[in-house]
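Structures are listed in the sections that come next.
Shared between the two complexes below is subunit A, which pairs with subunit B and subunit C, respectively.
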Partner chain A sequence: MADLRTEAGPRAGAWAAYRSILRSRVRAQAGYRVSFATDIAATVLTGLAELTEVYVIFHNTPRLGGLNFDAALLVFALANLTFAAADLFLGHCDRLPTYVREGRIDVFYLRPLSLLGQLMTSEVSLRRLGRITVAVVVLAIALVRNEVAPTPVTMGMLALAIVAGTVLLGGLFVAVAGLQFWLVDGREFANAFTYGGAYAAQQSSLVFPDPVRIFFTFVVPAAFTAYLPTLVILGLPGGDFADPALAWWLPVAAAWVWLVALVTWRFGVRHYQGAGG
Partner chain B sequence: MFVRGDLRTYGLLARAGFRRQATYRLALAAGIVTNSVFGVIRGSILVGAVAGAGTAVSGYDARAVSSYAWWGQVLLGSVAMWGWSEIADRVRTGDIAADLLRPLPVPAVYLAADLGRATLALLVRGVPMLAIGAAFSGVTFAAGPLEWALGILSIALAVTVGFLGNYLVNCTAFWLVEIRGVMLAYSIAATLLAGLYVPVHWFPGWLQAVAAATPFPSLVQTPIDLLSGHAAGPAAWRLLAIQCGWILLLAVAAHLATAAGRRRLEVQGG
Partner chain C sequence: MTEGSSDTMVEVTRLTRVFRRRGADDLTAVDGMTFRIEPGEAVGYIGANGAGKSTTIKMLTGILAPTSGSARTCGLDPMRERRRLARRIGVVFGQRSQLWWDLPLRESFDILASIHGLSSAVAARRIARLTDLLDMGPTLTQPVRSLSLGQRMRAEVAAALVHEPSLVILDEPTIGLDVVSKARLREFLIDQRRDHGTTLLLTTHDMGDIERLCDRVLVVDHGRLAFDGTLAGLAGTVGVGRVLVVDLDGPTEPLHGIPATQWQGSEGGGIRQRLAFDPADTTASAVLAAVAERATVRDLSIEEPDIEEVVRRIYTTSG
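Moving on to the complex of A and B:
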């Protein structure tokens, strides 16, 4: 690492180090072919099981929270795509308690790289590609079935939802990782925000009672990743605290999550005392 | 005398399973918060579906279906669906040899500990979930003391079915180096077909037939039907009989798998 620094300055050195860490992570997973194939199959199955759930619901009702089956498919696809992508890059952050317990976090403190940068690059869950594939296929089906016209508004919203939505959910993982410095034994608490947020994001916001909808729109802004963009793409009216115009505030919602993430992370890192040893 | 001594041993094992979990208080609080969030989301989806369809779906009105969602959250901590790999890990490390040497059948030993764990989970995770669900959206209960007793019995049977299913998954470790794939496939099928997300009664006909051919509805759908008062009288007894049938079948399979695994096992070193 010392050579890298003298060669190209500290910034470039850090990037090169992160790049080689990431490359090694990718190689490590691709090495065990059978294990990797099993993991991919499992995430594909998880995606299909969740899709079955949506199908079973609409087998019993024509509408859920103001959406028909086709519209719900679009919400499902966007929510799954953004969550699986965020999970691929940052999902391992909620394993911080394990790193703390095993003393791996102490190693991070010793290296001349940012702690958060190291945590973020310490793993890439390539198995999530299975779930991303399911989401992309469902997204294509949903766009066709809803007869979405490729206008600047629909395509712009779609692109914004996928990119900023992924950034937003990735921020949730980091925010929760910061909390984990306090919650070592209470790691399941984190799931309420990350997996709970992702589950809420898959639904029409209108199924929730007002306080819950406000929570998942303005506190943990899960509704911004799929439901609100769908309203814009399909030209649907929405409802109270679920105005389609809100969807364009998605970058602000993502920035809010990352602000919280950086604050909890900063306090978490200062709070950490070491696991002894 | 011999049988009484055995029972005492199982009782002690169950107590150890109970106390092992009781140590992690913060984890318990975190579990309750997380389960509540999921309860609110699940309940809202099911109630939204009933509202979209009219007033009721397959015999569930809004109140019945939100109660279904919360009872599911109550059972979640006790009935194993996501799987554990304790026995598979012991097979890999060779520690299983010590279990095989004991004068008690391996599945029974672990089942006793699991029943202890499940009892604690029910008391400290399940009961608070029930209170939160009742406060949030109202929960329906079994009608009388007999129905309650049958409901609680069906939880114990569901825990046993869940344990035996997971035990069999763990037994594949005698033959496979890595059982994560089997475990994942099992838990995906179990959570879907148990009716954790959507009641099995809501499934389309073909999927109901698939579910009925597996032990999974015995894990969640059956205890909820009994505890929430959805099934009573002869229907309740029939559901309990189905649970017992699965336990019998899975117990025989667990016994055979353990015996076959014992012959297959080769522990290195010493």
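Moving on to the complex of A and C:
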């Protein structure tokens, strides 16, 4: 039988397939201009509302958890930017039960691509661009107000925080997708990790009691996405279990989250198929 | 390795699937099933709701793992070689769509061609041919969510065939379709089989699908195979006759003795009468002509046996 497939190897073919799926998702959302615009506006407002919360807190207290308002702005910006970016690419993964109910997971099985690859590329939420915009503006303001000098350390940490922080939080969405193969009504539980982690990421770790701080540093390592990088960028001292030097371990923290994510996904799929596990 | 040639399309050996249920007894959905399907066969897979049809199909396609026994599809292990298998089978689930509802239909076909790694020239040729055969030209630019059910089902079938699979599995492909849409889809599948030697496995609640598409029937009951044979064999076992229902001008004597029919009863003192016949022995028009000689027919309808009834009869004869 003649091989009618493209010349490129199977891996290159898979990337082309994922790209064409993702492009179609972008086209579909950009196609409905009015609803796209209102969605963007809504996420801008959400971002601004959360910013107001930070402002209100620091209107009442000059320092919280070792941060002043300007430092808190940097934490807010990094936490929001990474979470919104992760949400844009992978936020739909926590709706796995809907995929199961609508039979979309079964359809994934019928295609010659990885199941997780298909889940991850099945949607992009372009409306998160609104929130990303808010975060980027706040980030610029925070860098100016904190008079951050553009040294290799500050810029390197900033780039690492944005890239690896997004990867880390994206891993959280995938981890909770795997969990929801077991949990019948797992959405709330899943949100505790994703939105809970995102909320924790917005705070100074020092506002938490030790056990909670340890949890959000070494178990669900949300502190790595914004607070620890901020300590490095601003040269702040941190505290117990919140040493600035930890920030450079961000790639390891992200790898840890993805390891857990891939394991829960694997067990989740095995559970779905009923092959033990 | 199980024995048998690698040409065998489906080879199921003592296939069993048990669902463990919280707070209830285990449910054995498929119970020690064994059958084979050879290339080019068209097999109807029928049974009552919950008899184990969908579970079997999920095991054949790698969605579900067998509890015990084995399934091989296109010579592959569906669990371990799911992706290779996906290139060789096309599956249509009547109830779940593989199209992108918010995009024009054409884009779903393009994405599927890309997923299957088809070059754009090959993809364009196949999509054009399927579009032509299934008469879908005008719908290509419409978003999938705006298609009628008949249009969508044809699109689903085309989507499952873009990569020219050698085995096509259809789960309730004609459910909810009007008569014209059904006929068109059946004709397409018949042509597809004749021109490409495509093997068909379909579940259905429609006896017409079985009669027009299948040369072999598997009847499943409580996860076990209750019948495996030809349609003629099935008819011989349980009868798949038609019933002609006539409304007559006025009360009439029972219409006994019409050639090749059995009188089944009457209502309203003989105003409405029912005559069973087998299309192998006579035709509807011959029966009608014989009735018309005795009384004026005001109205008529023909009842096809529904699959539930056939299945019920199989269950009682095999039980």
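One rule holds for everything that comes next: the second predicted complex is superposed on the first by the 265 of 277 C-alpha atoms of A that agree within 3 Å, B and C clash if a C-alpha of one lies under 4 Å from a C-alpha of the other, contacts with A are read in each partner's own complex, and residues count from 1 in each chain.
FYI, contacts are C-beta pairs under 8 Å (C-beta built on N, C-alpha and C of every residue); 3 or more make two chains touch, one makes a residue touch a chain.
Quick caveat: nothing in here was measured; it's all calculated off a predicted structure.
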Exercise. Touching A:Asn191, do we find subunit B (first), subunit C (second), both, or neither?
Worked result: first
Exercise. After lining up the shared chain so the two structures overlap, which partner does A:Gly239 touch, if you call subunit B first and subunit C second: first, second, both or neither?
Worked result: neither
For this session: With the two complexes superposed on chain A, say which partner A:Leu113 touches: subunit B (first), subunit C (second), both, or neither.
Result: second
Exercise. Looking at subunit A, which partner touches more of its residues: subunit C or subunit B?
Worked result: B
For this session: Mind working out whether A:Ala28 is in touch with subunit B, subunit C, both or neither, as first, second, both or neither?
Result: second
Problem set entry | subunit B versus subunit C as contact partner of A:Gly13, first or second or both or neither | second
Exercise. So, does A:Pro251 touch the first partner subunit B, the second partner subunit C, both, or neither?
Worked result: neither
Seminar exercise, completed: Listed in rising order, subunit C residues that touch subunit A in their complex are 17, 19, 58, 61-65, 67, 79, 82-84, 86-87, 89, 91, 93, 95-98, 100, 102-103, 107, 110-111, 114-119, 122
For this session: Write out the stretch or stretches of subunit A touching subunit C in their complex.
Result: 4-6, 8, 10, 13, 16-17, 20-21, 24, 27-28, 31, 102-104, 106-107, 109-114, 273-275
Seminar exercise, completed: The subunit B residues in contact with subunit A across the complex are 24, 26-27, 29-31, 33-34, 36-38, 40-41, 44-45, 47-50, 52-53, 57-58, 178, 180-181, 184-185, 188-189, 191-192, 197-198, 202-204, 207
Seminar exercise, completed: Note: in the complex, subunit A contacts subunit B through residues 34-35, 38-39, 41-42, 45-46, 49, 52-53, 56-57, 59-65, 183, 185-192, 196, 199-200, 203-204, 206-209, 212
